[in-house]
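A short worksheet on the structure shown next.
By written order: A, B and C. Residues from 1 in each chain.
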Amino acid sequence: MKRHLTVAIATGLTVALGVSGCGKGSSSDDGGSDGKSIKFVAAIYDSNAEPYWKALIKDFEAKNSGYKVQLEMVDWTQMDAKVKTYIQTKQAPDLLNYNSFSDFARDGLIYKASEVVSPTTLSDFTPTFVEQSKYNGDQYALPFISSARLLFYNKDLFAKAKIANPPKTWDEVKTDAEKIQKEGGATGYGLPLGPEESQAEFYSWAMNNGGGWVDASGKWAINQPANVETLNFLKGLKDAKLTQPNPETTDRKTVFNQFAQGKIGMAIGGPFTKAGFIDPVNKNLNFGVTSLPSKSGTEHNTLGVMDLLAAFKKNDGKNKEALKKFLDFLYQKENTSTFLKKEGFLPVTKSAGDALSSDPYMKQFVDALPSSKFAPTSNPAWSAVAGAVKQSLGSSVANKDPKKVLDDIQKTAEKSG
Amino acid sequence: MTRPSKETSPAGAARRRPLRLRTALLTAVGWLVAVGFLLPYLQMALTSLKSEKDLTKSPGGYLPDHWTWSNFVDVWDAAPLWTYLRVSLIVAVAATVVTLACALPAAYYTARYRFRGRGAYLLLVLVTQMFAPTALVIGIYREMVALNLTDTLFALVLVNAAFNLPFCVWILHGYFSSIPKELEEAAFLDGAGRVGALTRVTLPISMPGVVTAVVYTFIAAWNEYIVALTVTASPDRRPLTVAVPSFVTQYQAHWQYLFASSLIAIVPVVILFVFVERYLIGGLTAGSVK
Amino acid sequence: MQDLETRARDAGATARPSRPSALRRAGRALTPLVWLGPSLVLITVVVLWPVVEMVRTSFQKISSSGVTLGGNGTTNYTDLFDEDDLIPVVLRTLGWVAGIVITTMVLSLAIGQLLNSRFPGRRIVRWTVIVPWAASVLMTSLIWKWMLDNYSGLVNRVLLDLHLIDEPVNWLAHPWQAMLWMMWVAVFVSLPFASFVILAGLQTIPEDVYEAARVDGAGPLRTYFGITLPLLRPSIMIASIINVINVFNSFPIIWAMTGGGPGHSTDTTTTFMYKLAFYDQNVGESGAMAVVNFVLILAMVLMYLRAARWREEVR
């Protein structure tokens, strides 16, 4: 027994020494000090993302000898936590692929856009997105991808329920849902109000009722009457059993899985929905895409979403040179459009725009972009608000009073500034 | 001082009264319990063999429509599983060794000797048992930055070793205390020295305690999640626990890969358990106490 | 114990009679440090340091991007106590811990006894009982989550086929049902360790104690409650302390299965704390919650130790 133990301990020690020996391996030198290597944290949109970045970086490093990009892929579900720990411990990457930036700008952590990309690249961004990238009048964020939300509907179910046209108004949504439920034997409307992205679903409805996150002067107005009315409408759908059970815990993945199986009549989705959610389950689904229904039926707004890149200040600006090189390379037309095509997103640059309009499915979203409204990402408190919305909005259709839920979120918003 | 005895001795109940019914009942209950404990993992195995399309069916089927054995091949391409396995293994083994190296002397000394500060030390051990990495994760991360250890396996080894140390000291202390000092004294008088008495007499008898400590630390380190999630960043420094859940993300749900890789992570540990289980319990009778 | 030490000292003294006694005394005082040193260093550096950081964080103002903006007095604490959800979360945590630990201990006493009895295939049953311990808690939670899935889950399928329910139940969406299922998963993953500690405890009970009871004519029930249970006390104590600590700090189960939702209705203090930091973006308040969490667990364990008279165990 003793010999066994000695052997075990000896083996273990060898391993342990090996670990401490190679603990700080080659790839963890976060570079920066020589100004030629940068660390890039990119988001995992789907399994295509990592191969794309790897190939792009390889290409970049081959064309710019001496420069190095260290890539880290982070899943969206872990991104918030990761970003926070990085920054709090002063380990921010040089470049971050994220969905908010204004609190970084407020805290002086990131470069202005003009400092890290060439004027050519800078002027290529579509103005709508430049607006979304500003904090206090200066552009900080670099728009990366965009997306718009439209109403997806199952044409077969609509035919079965004898509905000629997709709904334009909220009342039509409700009656159509009832018909689909009755005639089609499917769920009328798929409502994802789970913690995954409830802020997007909610805003898609609220903006078409004149509601939103802020009032005309830019102050938080989350508990405004239009928003309460919106939640009451959604709660009404759920109470009438026109949605899938338990919207408060459902995420988009589940809704579109059911949609693809022909078990849901309508749901709100984005350009990536077809390739990402529908095709893998049912390539032959007969569905259509139309503008988001509004309360009145006259004006239809679209939810616009923009993800971005933020360049962090490090080592007294020594990393600027490498960042500029990499970003200008990345924003070359063919490089950006490859990513958009692979992931099913919309362009943020003028040059990549044309490439996508040839696809009739994508064109609907590209066309919707000009009428799109965005979450107030330029407000530094937005990330806290989005967090509060994600975790508590769903309970408004379950066990809590919609007004009270919105009041609480308003409180969080005001507390965060 | 209680002496460890043999497992329920055949000289006892069994011989005196023939208890066939009792045995039959025990067997039935025993196997029922076994099935109960295995059921979720059986379901895990079945799910890992379903095709992606199979998984989206509602209601779900009991068995895969198509037994997709290729999932277990494809999963190695879907993610660098070897790397994750290696990281998990290195961290778990090294943490166990470090824990043991620190815990053994401390537990032995506090069990055998009275000295000033002994009570304080045992209280410290007891109190620090209550500290969970979950609650301290930001503090841990800040410290690793200060020590320039972020994104190293060494950091994971340290954290796992330190947080499991109190339990190991505690359990070893208990075992050492229960060993009659006479045994050791005899060896000591034979000229074995303090360390000799420890390694030749006390340790072998304490094997069950040592094995328990080893198993506990190893499993805890192998399964640790939240610290690995925040302290490591590079893909080649992530253990299985952190890597495996990313098969189901916001945009995709590869449950079959998730469970295939879970099984790949679970099976080696179960096998390890099968080997040490004798020591874990049976070790008590195997020793030279009797 | 004393004689061994005296003898050790004597042996040292005879071996080196010429050594000055002051030095020897100093050496003796330092001996414990040699034995305890490594563990002390490890505990201090890796466990206590983060605690200090945690307490410091709870008094700091940290911006949503994670930058430390300086001191914040007790604002984090007042903000925390202002949260409507705090009291329900704390109460739920206490119920969570109590429910799981009690159920685990009762079941593990039975399973430990079972594993200690002789029957064909016992070894295999022992192996299977270990499996949830060997499997990561996160992975076990994920398979339970999948089995409870509203659409494709096994649980709904079985209940539908048995005609116990008419339509699929979204178990994890209803706070109460979700809570009970998650507590069950927590019990499930706690059972192996607790059962094995009990089993090990059962085996240290000398056979002659039972012989004596039999001679006295004690029935099986009286033997169990009069002899087995009291003798198992140290094992029960170890198993339940560890269980309390693990369950109180259990993050993966709730995180994987409901994420504490909907809203905060299945949060315990640990997930609440995490969400304060990473959803509400308020690290300072989260630090305050961590401190409260810690005080809670300290109080619980101290109460437990008092009840279990730990001083006797240490002596």
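The working rule: a residue touches a chain if its C-beta (ideal position, glycine included) is under 8 Å from a C-beta of that chain, and two chains touch if they have at least 3 such contacts.
From a predicted model like this one, the values you see are computed outputs, not experimental measurements.
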| item | value |
| --- | --- |
| Greatest separation from chain B - chain, by CA centre | A |
| By count of C-beta pairs in contact, the leading pair of chains | B-C |
| Computed distance of Cα centres, chain C from chain A, in Å | 37 |
| For chain A paired with chain B, centre-to-centre distance based on mean C-alpha positions, whole Å | 39 |
| Gap in Å, rounded to a whole number, between the CA centres of chain C and chain B | 14 |
| Junction residues of chain B - those touching two or more other chains | 56, 58, 98, 101, 138, 142 |
| Residues within chain A bordering two or more other chains | 81, 85, 88, 257-258 |
| Residue list for chain C, restricted to those that touch at least two other chains | 151, 168, 277, 283 |
| Interfacial residue positions of chain B with respect to chain A in the complex | 52-53, 56, 58, 78, 90-91, 93-94, 96-98, 100-101, 138, 141-142, 145, 149-155, 157, 199-200, 203-204, 207, 210, 229-230, 233-237, 246, 249-253 |
| Footprint of chain A on chain C - complex, ascending | 62-68, 79, 84, 150-151, 168, 170, 172-175, 258-265, 275, 277-283 |
| Contact footprint of chain B on chain C as seen in their complex | 1-5, 7-8, 29, 31-32, 34-36, 38-40, 42-43, 45-54, 57, 111, 114, 116-140, 142-144, 146-147, 149, 151-154, 156-157, 160, 168, 188, 191, 193, 196, 199-200, 203-207, 210-211, 231, 234, 238, 241-242, 245-246, 248-249, 251-252, 256, 270, 273, 277, 283, 286-287, 290, 293-294, 297-298, 301, 305, 310, 313-314 |
| Residues on chain B engaged by chain C in the complex (per definition of touch) | 2-12, 14, 23, 26-27, 29-31, 33-35, 37-38, 40-41, 43-44, 47, 55-62, 98, 101-103, 105-106, 108-110, 112-119, 121-122, 124-132, 134-136, 138-140, 142-143, 158-159, 161-163, 165-167, 169-171, 174, 178, 181, 184-185, 188, 194, 208, 212, 216, 219, 222-223, 225-226, 240-241, 244-245, 248, 255, 258-259, 262, 265-266, 269-270, 272-274, 277, 280-281, 284-285 |
| Chain C contact footprint on chain A (complex, rising order) | 80-81, 83-88, 103-104, 106-107, 109, 194-195, 245-246, 248-249, 254, 257-258, 380-381, 383-384, 387-388, 390-392, 394-395, 398-400, 408, 412, 415-416 |
